[in-house]
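Before I ask anything, here is the structure I am working with.
Letters are used for the chains, namely A, B, C, D and E, taken in the order the chains are written, and counting of residues starts over at 1 for each.
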Amino acid sequence: KDALTLQLKWVTQAQFAGYYVAKDKGFYDDVGLDVTIKAGGPDINPSQVIAGGGADVVVDWMPSAMATREKGVPLVNIAQVFQTSGMMLTCRKDSGIKTAKDFPGRTLGVWFGGNEYPFLNWMNKLGYKTDGSAGGVKVLKQGFNVDPLLQKQADCISTMTYNEYWQLIEAGMKPDQLLTFKYEDEKVATLEDGLYTLEGTLKDPAMVEKLAKFVKASMKGWEYARDHQDEAVKIVLENDETGAQTEVHQKTMMQEVAKLLGNNPKGTGWLDETAYEHTIDTLMSGGSDPVITKKPENAWTHDVIEKSQKL
Amino acid sequence: MASPVLKRWLLPGLTIAILITALLLPVGYYEDDYAFWWQFPLSALFIVIGILGAVLGAVWGPKPGPGGIWAFLGPLILLLASFGPVLLPMAELDIHLAGSGIWLAILGLLLFAWQIMQHLTRQPRSLLWAILVPLIFGLCLIYLWQAIVVGFEVPQVLLPSPTQIVQAIIRNWPVLMDDFRQTFLKAVIAGFILGNALAFITALLVDRIPFLQRGLLPLGNLVSAVPIVGIAPIMVMWFGFGWESKTAVIVFMIFFPMLINALTGLAAADAMLKDLMRSYGAGYWQTLLSLRLPVAMPFIFNALKINSTLALIGAIVAEFFGSPIAGMGFRISVEVARMNVDVVWATIAIAALAGSIFYGLLAVLERAVTFWHPSYRSQ
Amino acid sequence: MPGDDSIIDIRNLGLTFQTADAPVCALSDINLQIGAGEFVSFIGPSGCGKTTLMRIIADLEQPTAGSIKVNGLSPREARLQRSYGYVFQAPALYAWRNILRNVTLPHEIMGTGRSEAERKARKYLDLVGLTGFEKKYPWQLSGGMQQRVSIARALSFDPQLLLMDEPFGALDEITRDRMNEELLRIWAQTRKTVIFVTHSIDEAVLLSTRIVVMSARPGRIIDVIDSPLPADRSLDTRETAAAHELAHRVRQGLRAGHSYDGH
Amino acid sequence: MPGDDSIIDIRNLGLTFQTADAPVCALSDINLQIGAGEFVSFIGPSGCGKTTLMRIIADLEQPTAGSIKVNGLSPREARLQRSYGYVFQAPALYAWRNILRNVTLPHEIMGTGRSEAERKARKYLDLVGLTGFEKKYPWQLSGGMQQRVSIARALSFDPQLLLMDEPFGALDEITRDRMNEELLRIWAQTRKTVIFVTHSIDEAVLLSTRIVVMSARPGRIIDVIDSPLPADRSLDTRETAAAHELAHRVRQGLRAGHSYDGH
Amino acid sequence: MATKRPGFLSPRGRLLPVLTVVALIIVLWYGLAICLNRQQVAERLDGLGQPWGISDLIAGTWSMDRPVLPAPHQVAAEFWKTTAEVAPSSKRSLIYHAGVTASATLVGFVFGALLGIILSAGIVHVRTLDRSLMPWIIASQTVPILAIAPMIVVVLGNIGITGLIPKAIISMYLCFFPVAIGMVKGLRSPDLLQLDLMRTYNASAWQVFWKLRVPASLPFLFSSLKVAIAISLVGTIVGELPTGASAGIGARLLSGSYYGQTVQIWSALFMAAFLGMAMVYAIAGIERLALRRMGAQ
């Protein structure tokens, strides 16, 4: 059996259910692959891992993948699992914020570490400075959790539809106390979880073959997870080495993640070219400090997924 | 035991032999064939200068004498000779496996550097040598780092080369200075002063009140073992995203080393000296000021020095858990994710420099305060 | 011999050290009264408990048997009244203070003004022949010089009771003679109570109003000899017949004390 | 007086300490030859440089002027041949070793077998009267006892050259006499070269074949006196007329040495 | 010379004071919990639209799901649940995670202490090393380890080293420093006379090292070892963070923090603290044995 290593972007959770399901249900075995899934974490940068040869495929978000590509690590998107973005900015209603016009002078929590680009683009679009100067917004580097909002240290924080938002709810906030700004709605959304590999890998037909098998089994896993959510959650929990994840939370997460898979007529994981173009445009329009300065070439390919659908 | 003659000539002889051998070996692979030094006359010339230097050093170096021109000439020749291997990669050679000549030359140059350091160490104590010796050592490390990164084509995202780091420092100077102000000038200084002061006062209390000694100290051990990575998020939760939470983390981190050292120091006074104080009927404060504090000073400085590095680490680590958008920890975590590893290392370099200067100042102060301690007297 | 006015009153005193192997009985059944203004010398074989007895008087060691009163008070109370000037067997100088500041130390503790303290310190440093070494540090002095600093320190703050443990042991004969003369002079002037340990019989004879001879293991008092010598003395007093006779008696006692511990 | 066979040959030796304030000239223009088997005593005022001279001989201090040869070698080479047994002015015991193991220390270093080392250690501990204290730690001993441990340690490994810096300063007269006798006996048996610092003129007279009298600041040799006493001596030798005369001469020298430094 | 240890480790009569202080802390803690959680509870109670009193508020602050500061009994309950009520081999058992962390800590500590001792020996003996290496040892500690921890994990992961070793290396990197610094001081602590004695015996450097420098340095060694093992534990936990979802107290802290499970964070913190204390006491015990064998006063 062929060995293959997958590096996740974050810790074991339902966000990655498809891969765990594929492994647990034997979908990888079926295509003759022995897949190792490496969980990520706050300081694991998947691109760095793959550049160092620590993985064959990584799950990453397109903004950071493209930024990395400009740094000389030739990442190529071989499948786009989440069709739409799950990112949003969630504000407390009692802070007095009603629309994006109220942002200036407010404190906004933002994830950094490659996840800040969509936010910066948005603010750029709105014409708000983020460097702390007058008339702009005050940006905090948001840490691991939603505490800043709960404790009113920030007026708004970044959340994912499938994760932090529900943590706020679990912490006792009511949906009607919260105001959300979905990036999709603000037209600054960028593509999130996708599968990336190195350009060099794709030059080798045998590797392409292998990747196609991997994508096939993974997508099968995702579809299974979407259709059997309770079972998928169980599998995720079993794979969680910290033993800290709760079933309630993972179930909600699974539900929300399933929505992001979308239903592309060309199949799960198909990269939509217009969405790609939109992401690239967003990334290049970063004002004085764009994420990427020139249009990437050959940053994606449909070869692998096409091959996988023919298997 | 080896004869003195052998001892005297072993290292110089080895150095010269290695450098000469290096000249005969290929330096890399170029257009499908081995390349040799003589195809790169300038590089070869520098190595030859190095060999001549090593020979001169072998003859002059060990001679005693204050200063001695070799103390100045040696580093100079070393600097020149080091250009030999540095120039080669510019010729777009494939060095990493084929370049046995280049690697051997580097080894020889490092040995040469060691001898120069040995010679400088024998010079009478002065600030010049006290700085020059570690400087040469550090330059050697950096040189080796550069050689390996360039020679083995280590990807920049894993480990940038020193030259790339220097470029990043220059490029990002204003940003890096802002970060420095935020992290060092605000959080570290405040935390360092506050933490050490609190720990010291606690040590005095604990030393004074036996009840505390028995009640608080076992718990002190407990608290000290709480990792900062657990504390940092809590402190951010309690004290906000600004520098105050970093200061709190630092206080927490450096408390234990100071407490333990201060307590050990306060108990370290020689029995007879304590008896003398007793015989004067000296009060607690008098004994403390005249006897126990001076005796405790070496221990207290030990803690201060350890804490100076801990404080910096603490502040940087705490910034990983929430910060405004400035600060060295913020910069590192953000730029790692952006794959700007050169900026990361630029920040690390500044942190290391600031920390070393901080430590150095403490060391100077220590020498002034505890000049009487045998560890200084003997030198 | 002193009666009620005794400044030190020791009764049935004993001290046994607990050590890891066997307990060491350092002092046993000591009885002694010392009057104000007396100069009492202790003499006895090495290890017989002289230092230990001094330490008990100065409240640096607690007796395990018997009682002791200093000025009618416990040694602790006397210590808190700052009655003691103690010259230890080893110099006990503070490495981080120069010579002058080692001598001014007790003054600082007792709150003497700075200039007054320095004046006194310089005076006594001169007395012990160390003028010119004020700015040196202890490790830059020879053994005998260090001991003299320690003597200057004890004398300089004019304590009520002077405890001196072999103060002149590390000095050459001439320096020692000079020190003896100075001590005699100071004692004649101030009539301080002095308790003095020495190994030199001549020195004991010259200085003391009373000589206590001890024996070793366990340390006991085997003889207490009142000096018949006149109060007014000089170095030449040693050469008188009375002095020779006294020295002889002390020597006998010492010999007897030695025979206790089977060597 | 020794000629070419001199084991120690000091010529125009001088040493000046650099200190923070003024340099201290500890020794100046020392010339001395010591033959094998001699017993040479140094005597002189406190601080005159006796310890410093010993330290130079043992290669613990480097002279700043002149030359010195030990056995025709430099002090360093002699030290490398393990020629020295040094009794320091202070006991210099290792606090973490018990008494026995303090004495076996040099044996361990020179690689004597363990049982042999212990046998010798016990023998010399007995000689200095410390049998029964083998298992005690240094801080449990009196000052004189500690110094005796240090003496036992130096004697026990039979060094070629014995350097003793006021070894008996902290001992009472009787113990000291006994030590003197032992030292005489050992010297008579082995004819080791001994260099000896003492403050006791009687002791110097009793033990030495030659007495070197020094003066202070800067330390100089002012007199070198060959002893007229017979080789075969006992404590009673001190009472002979020759001895008295010798003592007188040493005392004169000492006095002269003292007058140098304006006290 | 040998420094006297403060007597705080003697078991004699320690229980009462400790209990008093603990009781004091618990009372303070409950108070603090009210202060810190008050705001959120008050909001929630307001949200219910019914009148509420102080007792409701207090009860609320001591029983929140996601408190800012959990009450002691909540932490105790969680601690009990995750240690006593699940099998020690289960991933939900804190004991299991503590074991994972402890093993990496010990490996890192042992190697770190050895490295520190070797470096200090080199520095004390080779003057060139003293002058040249020392400043760089210090500089090494000013490198923020968490910054290079992911790099270490990644780089080592690339060459196939995963699991315990990367963590141990991080903890070693942190803990060799106090040992090296303390031992340089300690190995230089014998006084001049003691060194001179060795010189007169022409003892080899090796003998001076073993028979004089090492015994004289033991008090310094043990006090730095105590600091080092605490730091070593911190190092391991830091090393567990970037590896994210793996096992260990660090991973536990991370996920607790990530999901806002304050109670879980606090019980993991307590486990870390207990682990650290156990290790410090183990060293103190060895110290006591060693110093007693050396006849300490």
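One rule holds for everything that comes next: a residue touches a chain if its C-beta (ideal position, glycine included) is under 8 Å from a C-beta of that chain, and two chains touch if they have at least 3 such contacts.
Predicted, not measured: the structure shown is a model, and the values here were computed from it.
Of all chains, the one whose CA centroid is most distant from that of chain D is A.
When each chain is reduced to the average of its Cα atoms, A sits farthest from chain C. More contacting C-beta pairs link the chains of A-E than the other of the two pairs A-B and A-E.
Separating the centre of chain D from that of chain E, both taken as means of CA atoms, is a distance of 53 Å. Computed centre separation for the pair chain B/chain E is 23 angstrom, with centres defined by C-alpha atoms.
Multi-chain contact residues of chain B (touching two or more other chains): 158, 233, 237, 270-271, 320, 333, 336, 377.
For chain A, the set of residues that touch two or more other chains comprises 42-43, 45, 48, 52, 143-145, 147, 151. Within chain C, the positions touching two or more other chains are listed as 20, 90, 139. Listing the residues of chain D that touch chain C in their complex gives 17, 19-21, 24, 43-47, 50-52, 89-90, 129, 135-136, 140-145, 148, 166, 169-176, 178, 199-201, 251, 254-255, 258, 261, 263. Interface residues of chain E facing chain B in the complex, by the touch rule stated above, are 1, 3-8, 13-14, 16-18, 20-22, 25, 36, 68, 127-128, 130-136, 138-148, 150-151, 154-155, 177-178, 181-182, 185, 188-192, 195, 219, 223, 226-227, 230, 233-234, 237-238, 241, 249-250, 253-254, 257, 265, 268-269, 272-277, 279-281, 297. Of all residues in chain C, only 55, 58-60, 79-86, 88, 90, 92, 94-96, 105-106, 108-110, 137, 139, 163 touch chain B in the complex they form. Residues 39-40, 44, 47, 64-66, 68, 90-93, 97, 146, 149-151, 153-155, 157-158, 241-247, 251-252, 254-261, 264 of chain E touch chain A in their complex. Contact residues of chain A toward chain E in the complex are 10-12, 38-45, 48-49, 52-54, 143-147, 150-152, 167, 170-172, 174, 240-246, 249.
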